[in-house]
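Sharing a structure with you now.
Labels run A, B, C, D and E following the written order; every chain starts at residue 1.
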Amino acid sequence: MNKLIISGSPHVQTDESVKKIMYGVVLSLVPAMLVSFYFFGLAAILITLTAVVSCMAFEFVIQKYLIKGPLTILDGSAIITGILLAFNVPSSLPLWMVVIGSAVAIGMGKMTFGGLGKNPFNPALVGRVFLMISFPVEMTNWPKPIAFSTQLTDVVTGPTPLAVMKEGVSQGEHVADILPEVPGYVNLLLGNMGGSIGEISALAIILGGLYMLVRKIITWQIPAAYLGSVVVFSGVFWLIDPTQYVDPLFHLITGGLMLGAIYMATDMVTSPMSHRGQLVFGIGCGVLTMVIRLFGAYPEGVSFAILIMNAFVPLINKGFKPKRFGEEVKHG
Amino acid sequence: MSQIKNFTKGFVKENPVFVLLLGLCPALGVTTSAFNGFGMGLATTFVLVSSNIVVSLIKSQIPDKVRIPSFIVIIASFVTIVQLVMEAFLPDLFKALGLFIPLIVVNCLVLGRAEAFASKKDTLSSVIDGLGMGFGFTFALTLLGAVRELLGQGAIFGYSFIQGDGMLVFVLAPGAFIGLGYLIALINTIKKTE
Amino acid sequence: MAKKESSFVNMVMTLMVVTAVASFTLASVYNITKGPIEMAREAARQLAITMVVPDFDELMTRRYMPAVGRDSLEFNYAYKNGELVGVAVATYTDMGFSGRIRAMVGFYPDGRIVDVVHLEHQETPGLGDKIEKGKSDWSDQFRGLDPSETVIKVTKDGGQVDAITAATITARAYCDGIRRAYDTFSNHVLNDGGSAE
Amino acid sequence: MKTFRIGGVHPPENKIAAHKPIEVLPVPATVTIPLSQHLGVPAVPVLGKGDQVKTGQLIARGEAFISANIHSSVSGKVLKVDDMIDSSGYRKKSIVIQVEGDEWVEGIDRDSTLVKECQLNASEIVKKVHDLGIVGMGGATFPSHVKLMVPKGKKAEVLIINGVECEPYLTADHRLMLEKGEEILAGIAIQMKALHVERAIIGIEHNKPDAIKHMSELCSHYAGITVVDLEVKYPQGAEKQLIKAAINREVPSGKLPIEVGCVVHNVGTSFAVYEAVQKNKPLIERVVTVVGRSLKNPSNFLVRIGTPVDALVEAAGGMPDDTGKVISGGPMMGKALNDLGVPVTKGTSGILVFDKDESFRKPVLPCIRCSRCLNVCPMGLEPYLLAVLAEKDRIEECELERIMDCMECGSCLYVCPSGRPLLDHIRVGKSRVGKMIRERS
Amino acid sequence: MNGIINEITLISVVSLGAVGSFAAIILYMVAQKFKVVEDPRIDLVAEKLPGANCGGCGLAGCRALAEAIVKAESLEGMTCPPGGSDVMKDIASLLGLEAGDQVPMVAVLRCSGSKHNAPPKVTYDGAMTCAFAHSLFSGEAGCPYGCLGCGDCVVACAFDAMYMDAETGLPVIIDDKCVACGACVKACPRSIIEMRKKGKKDRRIFVSCINKEKGGVAKKNCAVACIGCGRCVKECKFDAITLDSNLAYIDYNKCTLCRKCVPVCPTNAIHELNFPPRKQRPEVTEQAEAK
């Protein structure tokens, strides 16, 4: 007779797996990827491919020769890191810098801490910020989007809408005078603006986010708290002085906010566990982003905000526990 | 422990920066280039050896309770001497390291060795310990400086290898932490395989 | 090791002796190095001055307060055969990325810039340190500029000076320092008839 | 539709045997009756090897307060009173009886006519429940008489009857409600009398519409008994969750349901109480669902306590060739058996036969901190954290994180995409914390 | 004015000397006020201890043991298993106390239920921790006393003195590294590991089984189980072997390592370690079985 199998209860498990979750995220990134290919053409495809391949290669090499542990490069997490890293760089970035970014993202951001599930910081953002600090010139050189572009080099570059706005306001110009210099809101929503490869189209990212919400890969708490706090924060300043501060909608659909709120901040490994904690985390990200955007040296603050909040995650996990069943209700 | 061992321990086995994790403030602060690290290392070595000598000479005369203040005064004096002499005769080096020279006073490596070694051992051992530790410190700072200079500016000891800029992050403070972290990991690996 | 017991007398005595000996040594070293240090400082200043003014045989130093700023500027009038050939102004700015930047700006008597050389800064190596002559030829663009015609500001701020890539703040600060020197220079030299007397 | 608020999962229901009427399984050749088939102190045997027994005769007495009497489920000769393998493979004291005929003890009413009226007073009811060895039939096997005695200073307000059967596969309670609804209601009325409560609520999950309809119709003849239609969600059958779902009261941590004026009984228990009080019949048989994907004839059997499991599997069509796991109880909280010779006990609600491919757990991967375990935990705990703390033997922190609130429903392990054995570690932690608490007092 | 000694020297000597004296006075006052009386000997004793904080002494760590020793002013009942009697003698001479003789001990695995001897009947598919497996079931082989093979003891060992043998599924103790701290004994939910006297030349004889079931039952699950037949008890001339609930136990204090009991065991449950090979062993075993 067969040997019986013994294990503790429960004896059934969901068919959900790490792999399925990861590939679900990859699938949800497709719309944004297509938009980026449309506007940045071959360069975007090349950078995305380079990032994905080199992320997987570094993960393989480190797991095989340094950690000497089991190989998990096919679980999809390295692919996500690769895509998100590519999404966070301008399409004119030299490919060797993309490779360095991948090495840092996987090597420094993930494997140093022991691999999947143990990294405190979002690996793609670690790679991005490393590149940002290391190659500030190349990382702030934004090619203008051209439909069906096939050009690889010598494309026209220009500042991002956020940079235009920040520069203008710091010169004392009025917001109303600066707005005509940037693409209209419909274009901003569709992605027809300068910026990193994957962050340009808010619409495509929202589409992917909705897919992830339906598949229950992410919960609504972090994106909602993040975007909500950005709206409130920028809204307050906009109401106080509309000549110096642009309206919340502009902040929502420009820069990497959508990408950050929906893909970066919601990274399971580096976000808090409880719903309450996720709300706090989202609000923290939103406030920090706006503080950097309005008062900091950089026009964009999403990466830094999320990384800073990543560092607070253990604290948030300690301080914001889920609501316990039968929790003693304190009577005033 | 033989004196040779006493001398060599500072390089890898008990390297003050990589293993004992002492004197990290200058290790992180001044090592933007290999030369800076080297200069700072030598300055520290001088202070270390001198204070070790003096401390080991007068150790039996110092009451326990004023031990630390006395050591600090001795160390601070040597640091000031280094500073004055350097400014007078090596103005270029002083320009590069000036800000960090006074920090040698609070470099826990110097006080640490005075307290843990020189106040217990004879003068010869203390000198050798100071030299060993100092050279180990110099080695560590030079190595870290070289790594940061190489990655950050594409140069070593000022000799440029590549055109243009390197990875700027290694010139900045985060690069110091990253570089130090991975060097410590490397040293640990080496120590493990030995 | 037998530790010496701490009593009131030996504690006070020890610490007093140690501090006294230390301070004596220090004072002696100070006295020995005082001369060389001053010579080294003077040599550095001289070197900077010679770099930013034409050939001279006589130097006269005076200090003026700038219109904006808390500290006075050092004006070095350079004479050749009794005739003023240039003024080297040791200026400063606090707008730098990290700490004060000091620089020596040389002017022809008519107000054109001879050259600019940095004295002291703590800007980011690899970025802001391009203001140094040895690191980059960026500061060469100031040569021969007449601040009364050219706006000494980076292009981003509406001026005519090219900024340093990725170190706009440093470039902006350097321009600020040069403007401070020129403003004071025009007040005290150009308007007062171009003489130190 | 009502349900509890925090957490919960929706495992595939697989109620394969829902339409199979309850069949009476023939009496086996020998039965093994363990002396510890209830929560609490094992019963003490009152006879020895070679003694003759009749069906329904008391063979072991539960002497402690939390213990239960055990009666013979067959008539015949006691072969031995010895240590026999139990469902975990450890040896526990049991009575083995060789079956000879089926002669019942006098006084047991085996007629199936319904007796509604109950003449006994509360304490007489409790005594009867005690004497006839009734325990909770939902799986926890808590002695029922203890629950029917409200502690001093507390007052029961509502009797909640658990007809939820939230475990997948299991259909025993479902069939019982359909076929013995009248008797269950009579049993509920008796329990209400014993508890002095005016109100009883039968909670049934929405996936049993026929049972809800049937019970609702029957309820109309009883004052104070209502049926509540509950959303399908596991673990709704857990006491605290059921109370929350049915009447929206939360039992505080570490407290019993009586704290919020509730007593919870299973429908099976109600039926057993009816039979005990009205028919004088001790708890000697129960309904067991035998089910499995490859099983030829999944069924609901009425089984004598002590029947070996393989007899049930045989009756359900025999053991399929690719069997990987046999589980006593439901798939979420049941116990994997390592020997099929073990007997059915008072708490055996089902026997599941799993194929090999559904038997193995997923390979264990690193935790990706997806927080699914935390979201499904019905007690609002953090299973990932508890598992780590328990694994690292940080027992004090386990206690602070309220590990003792865990009821081992298995939702966390069910939902974990990395297949981490969270509950395994938490169980170790719980037992260590429990030991620490006991040593403290 | 420009000499090496001038008024600058004077001013600095006087002012710094005054500061020094002032500091010394304050230090003295503070020292008087906040005098902490900690026995300096605690530090000295703690320095002698190995510093592994293994807990083998039964206290929280090495420093706790040092405090306990100094406080008790006696070494009675205080042992440091990793350090052995050398360390305790060191401490004794330091404090001028008498050190009891500490017999070197070593951890011994008292189960031979390898995959070969006790073939698994079921497959365990849960968390790899003995603590849980023990609470779940009797073990893959069915022996409720035998090793579960999940390696809790290996995890507990702070000295790398244990590893799991993949072939047998049993842990292996490396005698040279074992310091007898007892962590594995505590970690094993079935108390299979025992601390035994290391023995002369590391030679040990012990019953490698703790199964208390009846002989037949035990034998059904494991070929090398002690069946409690009592032959070894009869064989032993030194009363070192006792039989209790179907299980023989060899008292290491009475055992003279004559190893006469080993061949008479019909199930080979008695193990001898580090003895020179025995020439006639196979025949003796056969005879024993033939009886």
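To be clear about the criterion, a contact is a pair of C-beta atoms (placed from the backbone, for glycine too) under 8 Å apart; a residue touches a chain by one contact, two chains touch by 3 or more.
The structure presented is a predicted model; accordingly, all values stated were derived computationally and were not measured.
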Report task. Using the touch definition up top, find the fewest steps from chain B to chain D. Result -> 2
Query raised in the report: Which chains are in contact with both chain A and chain E?
Result: B, C, D
Query raised in the report: Of every pair of chains, which is linked by the largest number of C-beta contacts?
Result: A-D
Report task. Tell me, please, which chain's centre (mean of its C-alpha atoms) is farthest from the centre of chain B? Result -> D
Report task. Name the most central chain, where centre means the mean of Cα atoms. Result -> A
**Report entry** Greatest separation from chain C - chain, by CA centre
**Finding:** D
Query raised in the report: Which whole number of Å gives the spacing of the CA centres of chain C and chain E?
Result: 71
Query - Distance between chain centroids, defined by C-alpha means - chain C, chain D (Å) - result: 87
Query - Intercentroid distance (Cα basis), chain E paired with chain B, Å - result: 43
**Report entry** Length of the line joining the C-alpha centres of chain B and chain C, rounded to whole Å
**Finding:** 30
Report summary line: Residues of chain A that touch two or more other chains sit at 4-8, 136-137
Query - chain C residues counted as touching two or more neighbouring chains - result: 6, 11, 14-15, 18-19, 22-23, 26, 30, 127, 166
Report task. Could you tell me which residues belong to chain B and also touch two or more other chains? Result -> 65-66, 69, 73, 165-166, 168, 172
Query raised in the report: Looking at the whole structure, which two-chain pairs count as touching?
Result: A-B, A-C, A-D, A-E, B-C, B-E, C-E, D-E
Requested in this report: Can you check the complex and tell me which residues of chain C touch chain A?
Outcome: 127, 156-158, 165-166, 169
Report summary line: In their shared complex, chain D is touched by residues of chain E numbered 121-122, 125-127, 129, 131-132, 135-139, 142, 144, 213
Query raised in the report: Within the complex, which stretch of chain E touches chain B?
Result: 20, 23-24, 27-28, 31
Query raised in the report: In the complex formed with chain E, which residues of chain A make contact?
Result: 3-8
Query raised in the report: Touching chain C in the complex: which residues of chain B?
Result: 32-33, 58-66, 69-70, 73-74, 76-77, 80-81, 84-85, 87-89, 91, 95, 99, 119-120, 152-153, 165-166, 168, 171-172
